[in-house]
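The following pair of complexes shares a single chain, chain A, combined with chain B in the former and chain C in the latter.
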Partner chain A sequence: MNSASAIDIGRPAIRRDTRWRSWRGELKGSEYTWAVAFIVPYVAVFLVFVAYPVVYGLWMGSAASLYQELFADPIYQSTVVNTALYLALAVNVKMVLALLLSGFFMRPGWWMQALLLIYILPWAVPAQSGFISIHWMLNGEWGFLNNLLYTLFHIEGPSWLNQRWLALGSAITSHIWKQMPFWTIILLAGRMAIPLEIRDTAKVDGATGIRGFVHITLPLIANLYLTCTLLSTIFTLGDFGTVFFITGGGPANLTHVLATLGIRNAFDLAQPPLGVAAVMSALPLMIPLVIILMRRLRTAEVQL
Partner chain B sequence: MNVTTLEPTTRVTTADARLTSTQPVRQKHRSVRLRRYLTNAAALLLAAVLVVWTLTPIYHMVMVALEGSGDVFSDHIWPTKPSVESFGAVLTQGHWYLQHFWRQFGNSCYIAAMTMLLTLLIGSLTSFSIGRMRIRHGWLVSNTALLTYVIPASFLAIPYYRIMQHYGMANNPWSVIAAFVMFATPYAIIVFQEYGRSIPLELDESARLDGASSIQLYLRIYLPLMAPALVAIGTYAFLLAWNEYLYQFLLLSSMESMTVPVALAQFLNSDVAPWNYMMATAIIYAVPPVMIYYTFRGRMRAGLTVGGVKG
Partner chain C sequence: MAYLTRRSFLHSSLALAVAGSVARPYIANAAATTATMWWSQGFVQDEDVALKKVVADYEKASGNKIDLSIIPFAPERQKIISALTSGGVPDLFNSNPGEILAQYAWKDQWVDVTDVVETQKTHYHPTALLAAQAYNNVAKKRSFYGVPVVAGVVPIHMWRSLIEKAGYQMSDLPKTWDAFFDFFKEVQKKLRAQGMRKVYGQGFQVTANGNDPNALYYAFVIGYGGKDLFTPDGKAHLDDPQVKEAAIKALSYLTSAYKDGYVPPSAVNWNDADDNNAFHAQLMVMDVDGTLSTEVAVKAEHPDWYYHDMATQSFPLTNDGKPVVSQVGFGCALIPKGAQNVTVAKELLKYWIQPEVVGEVIKTGLGRNLPPMPELVKDPFWQDPKDPHLAGYAKQGMIDPTMPFYYVFNPAISEVDNEHVWSVAMFDVINNGMAPAQAIDKAFKRVEALFAKYQVV
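The block that comes next holds the complex of A and B.
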């Protein structure tokens, strides 16, 4: 039907239509209308709830004087240090441990499966519930952790949330507690995707244990690992809940990260442009990350 | 029959081999066995460490919830007089701090359910248009959608809040639902397109020859065949809405429009808060997502793997 009608109309008509066609693709009349109608809801949601806030945010944080004010703020300066530490430690410790543990969970047996079910629990429990529990656990005077330390080892624990580095360390540890299971599962799936023949051949050739890991597993999942690390860096940069619930930015606003500082400036100080500026100051890090990630996602699609 | 007779004979041959083997081989056997023993012991030790690491905060949650009202400040590491009284108090709203509990729980359910439905609807329509109807420049839409995925939600919160206030949508659950839909849909589109590739396009073509319209194709062929992916993404969207805190905290401020976690965190740093009740609330709030997660775990993992491995 399609080709016959094209022949009937002849070449000139087709040429007249080409520009229109390049938008319509192969679709005809009512089909094209339907295709557009199906895509319109998402485009509308995207424009109203994503594009508009992004543009509005860029506009809010566009005044140069904001950044002068921001950079002079000692709280902002300590926040930058915290964010760098938070990213470096939380992302890398979490991902390396997840990589190693994903190998551990490859062990056969029903009790490994049972262990995996328990191990996933922090990820399945809502962040709010888990973090509120940890927040109270870390209280210096009557917190569970110090009670435990005293009962088992007769050690007087420190007041975890009243000292800057201990508090930041607690937040990083809590982040790892919550997020590590998710990445372990992803990396475990990546390891499972390695064909059985490769693993068996490697074993026959004597590549077991550490040697097998370095020469077989690592090269094969390096790509996935890097992609996951980049994604996790972006997620961790935007992680608001952990620091908010564990330290609340305290003591004396010394443990903020950019995500919590932005909210604090915008709502506690009632200076929304200053909050946007705090968040926007992460753009020099964000933009290269996103560009590399976009490229990597494409290569990952080809290779895995 | 065959199998049962076969197994003992093979065992006998290996036993024979062991009997006739020479001394060094026997020693090697022993060292192999020893090494296996040691790796198993190390694995058990690691497993024990993981269990303690994972369960300590969860044990603490349960312990405080089981504590009687007067004993919260105790220095014990187990509940002195365990009782489920605090769970009862939450369920019957038996405390000033809990007086809107069911209303707030309902709000949480409503927001999560609506997020799930809208994400599934918008995501499946978009991926149908791009992947099945092959609308031109559809890749542009799915690539732009991917970009949303890498903008941290907390970074967009301030302009989003201002815009919602401007629209008069502050304190309205739909402002929160819209935010969650916008964060869940890009992922839905990616996974649906990836999954949709396994459904042959010829199916659509032959249905079209039989006179099916686009909407019939979508309803009768696309949606039923996509069911596994729909379940995975539905679970994902529900959990996303249930677990997100910042947007609910910023956009819902009255006691009646609030959700459970917002109400819960109000008393985070207060010394007069009834902690056993709050921990009981936190546990009750954690039950639905944990149950949903473990029920749909197999399908979730498949969905996440597609997204995780292929982006």
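The block that comes next holds the complex of A and C.
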């Protein structure tokens, strides 16, 4: 009994020691101190530049009254519709075109490489200069596009940025113009990773052209395509520059998306919490997207 | 010889971190006479030169140091809002945008500057004194929270050459409201008949960006007899039949002009500077735009335009021949609560608003803005007979009847302006086919909703 009691008394201490060693990652003595010393700057940077802004933002946008005010604002209501359209059209048109063009750029030849170089330019040039040029090109009175239409065909073009749907369409087209090259390159890399033997074997079996694309290429890059689409949706939801520089949210604040409305509310209306609330209202969409993306990245095997 | 060990490394790092954080306040205390100041970049370089000079002169006279940052308008606006939200404020900045004076006074975020304004109270224009006050909802009182350092009124800018090309003389300009603005429709027709395919008579900012569309709409409301839309006691008078009639008339005139093709189509989406650019490109014959920025911007590069081709004038008389009150915006210096060196900031402002100093600052900036004191526009600079713009501009802003922009009366009006409630009404008529009366009803409902948030007692 006595010896058993001694063992019982010692057990909690042993358990604590085991837990402590496990907590220290099996590191001993000075190794553990060095590990802590090296990790502290990263933790500090994370806390200051990641955790603090996120928590501060959540705190700023936490009052329920902000959301009551936001939902009652007619501009917010049109902004939600715009954001949904912007996401649905910009992301899907861009990704489908990128998928098709990635096949085009698979063709051999030096001229194809030269063409690819030119094709990438919109993505490579700074966004602001590109979008400001487009904004000017679309000006109804003196813009390049309408002058071209008049000079060539004597057609008086519309005022592209004066009507809600035309203006939003212009912003969506500009987003596609800017971002499509990037996703084309990603999907091109995916296509190039498909082993040559698979493609050759498929050709022998008669799977060429559209049939080869549908039965061989598409199934093999489907995972990549889906992951890219999810990622692009997250990026596009946070896209501020396109709408800001192309339409400025106008006419009459009718082409805002949540990203630009947040800035408008924060700085033009001088109500930062309302701006944060506008951006926060995208979280019900953003969080599931991020979770799905993370789960895909964690669980899916790389399947090409 | 000492070797660096793990323990000594960690101890030294910790000591450095502690020393760093402890040493900072000491440095700050040592420079207690330094004040931090943010100010908007001028429209022309001369304005920045003038600002730097007044700061340098003050530094020399006082021995204090001013850490001045001159920042472009839009980024400074964001910086100010961020600073007021986070609490990390400088000692002094300008009211950018003007509406923040009322919005943040409501939340008790400004230092009371009555003692500064009092030093020159007898010199200030009465409208300046009205514009520098705002209602504090914590203290439940109205007080001076801004120190006016510049003023700006909204003149009408015209191309003399285009009016003459259309076969008219400047003396043909009608004197009353509707006739005056209708005149430019005729000018457009005559110019179009001469093959000028892309010229428009009226440069109305029917957009939802910046302050221009608000100033334009209010000018028309006042021109049609609706001056009491908002009153200095912070109340809205939306039930007043005269006010409502003026609001509808103003909306009707501006939107009809647009729909009938007398306003550049892109005006519906102009930003703050687009009307200036369009005017310089002679896209339109006439523009209604605040300050003399349109003229001053081209003075150095195109003196012939400035002296001979461009013309400015104040608003015409009402349709029944009465003078129209012009709204004047006053650029104020603000000291936020939490400022580290209020004393130096106030001293600088007391120095700056001495009539001879503030007058010189405005003149060095080429007179885009007006001084906030009427006696200063008697200066030969403003009365130069060779200058076709300055004397009339000074008379409109400092001698003729004026009132402040409505937003100083109640933060709700700041929100009305910032939300561009009137621009949305214009768009409802222009693009959504709403009748002006219906669009005004909708706008008034929004105004009521915003006023419900701010009950001035």
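Note that in this section the second predicted complex is superposed on the first by the 258 of 304 C-alpha atoms of A that agree within 3 Å, B and C clash if a C-alpha of one lies under 4 Å from a C-alpha of the other, contacts with A are read in each partner's own complex, and residues count from 1 in each chain.
As a convention for this text, contacts are C-beta pairs under 8 Å (C-beta built on N, C-alpha and C of every residue); 3 or more make two chains touch, one makes a residue touch a chain.
Just so it is clear, the structure is predicted and the values come from calculations on it, not from any experiment.
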item	value
Touched partner set for A:47, first chain B, second chain C, both or neither	neither
Which superposed partner A:119 touches (first chain B, second chain C, both, neither)	first
Chain B versus chain C as contact partner of A:142, first or second or both or neither	both
Which of chain B and chain C A:167 touches, first, second, both or neither	second
Touched partner set for A:238, first chain B, second chain C, both or neither	first
Partner chain(s) touched by A:155 [first = chain B, second = chain C, both, neither]	neither
Partner chain(s) touched by A:251 [first = chain B, second = chain C, both, neither]	second
Partner chain(s) touched by A:292 [first = chain B, second = chain C, both, neither]	neither
Superposition-derived comparison: chain B or chain C, residues of chain A touched	B
Partner chain in contact with A:272 - chain B first, chain C second, else both or neither	both
On chain A, the residue positions that both chain B and chain C contact, one per complex	30, 34, 60, 142, 248, 266-267, 272
Residue ranges of chain C touching chain A (in the complex, touch as defined)	6, 9-10, 13, 77-78, 81-82, 85, 97, 99-100, 103-104, 198, 207-209, 264-266, 268-269, 271, 278, 281, 283, 414-415, 418-420, 423-424, 426-428, 431, 449
Touching residues on chain A, where the partner in the complex is chain C	30, 33-34, 37, 60, 72, 75, 139-142, 159, 161-164, 167, 247-248, 250-254, 266-270, 272
Complex contacts: residues of chain B adjacent to chain A	43, 46-47, 50-51, 53-58, 60-61, 63-64, 73-77, 121-123, 125-126, 128-130, 133-138, 141, 144-148, 150-163, 178-179, 181-182, 185, 189, 213-215, 218, 242-243, 245-246, 250, 261, 264-265, 268-269, 275, 278-279, 282-283, 285-286, 289-290, 293-294, 297, 301, 304-305, 308-311
Chain B partner contacts - residues on chain A that touch it in the complex	22-27, 30-32, 34-36, 38-39, 41-43, 45-46, 49-50, 52-54, 56-57, 60, 101, 104, 107, 111, 115, 117-122, 124-130, 132-137, 142, 144, 147-148, 150-151, 177, 181, 185-186, 189-190, 193, 224, 227-228, 231, 234-235, 237-241, 244-245, 248, 259, 262-263, 266-267, 272, 275-276, 279, 282, 289-290, 293-294, 296-298, 300-301, 304
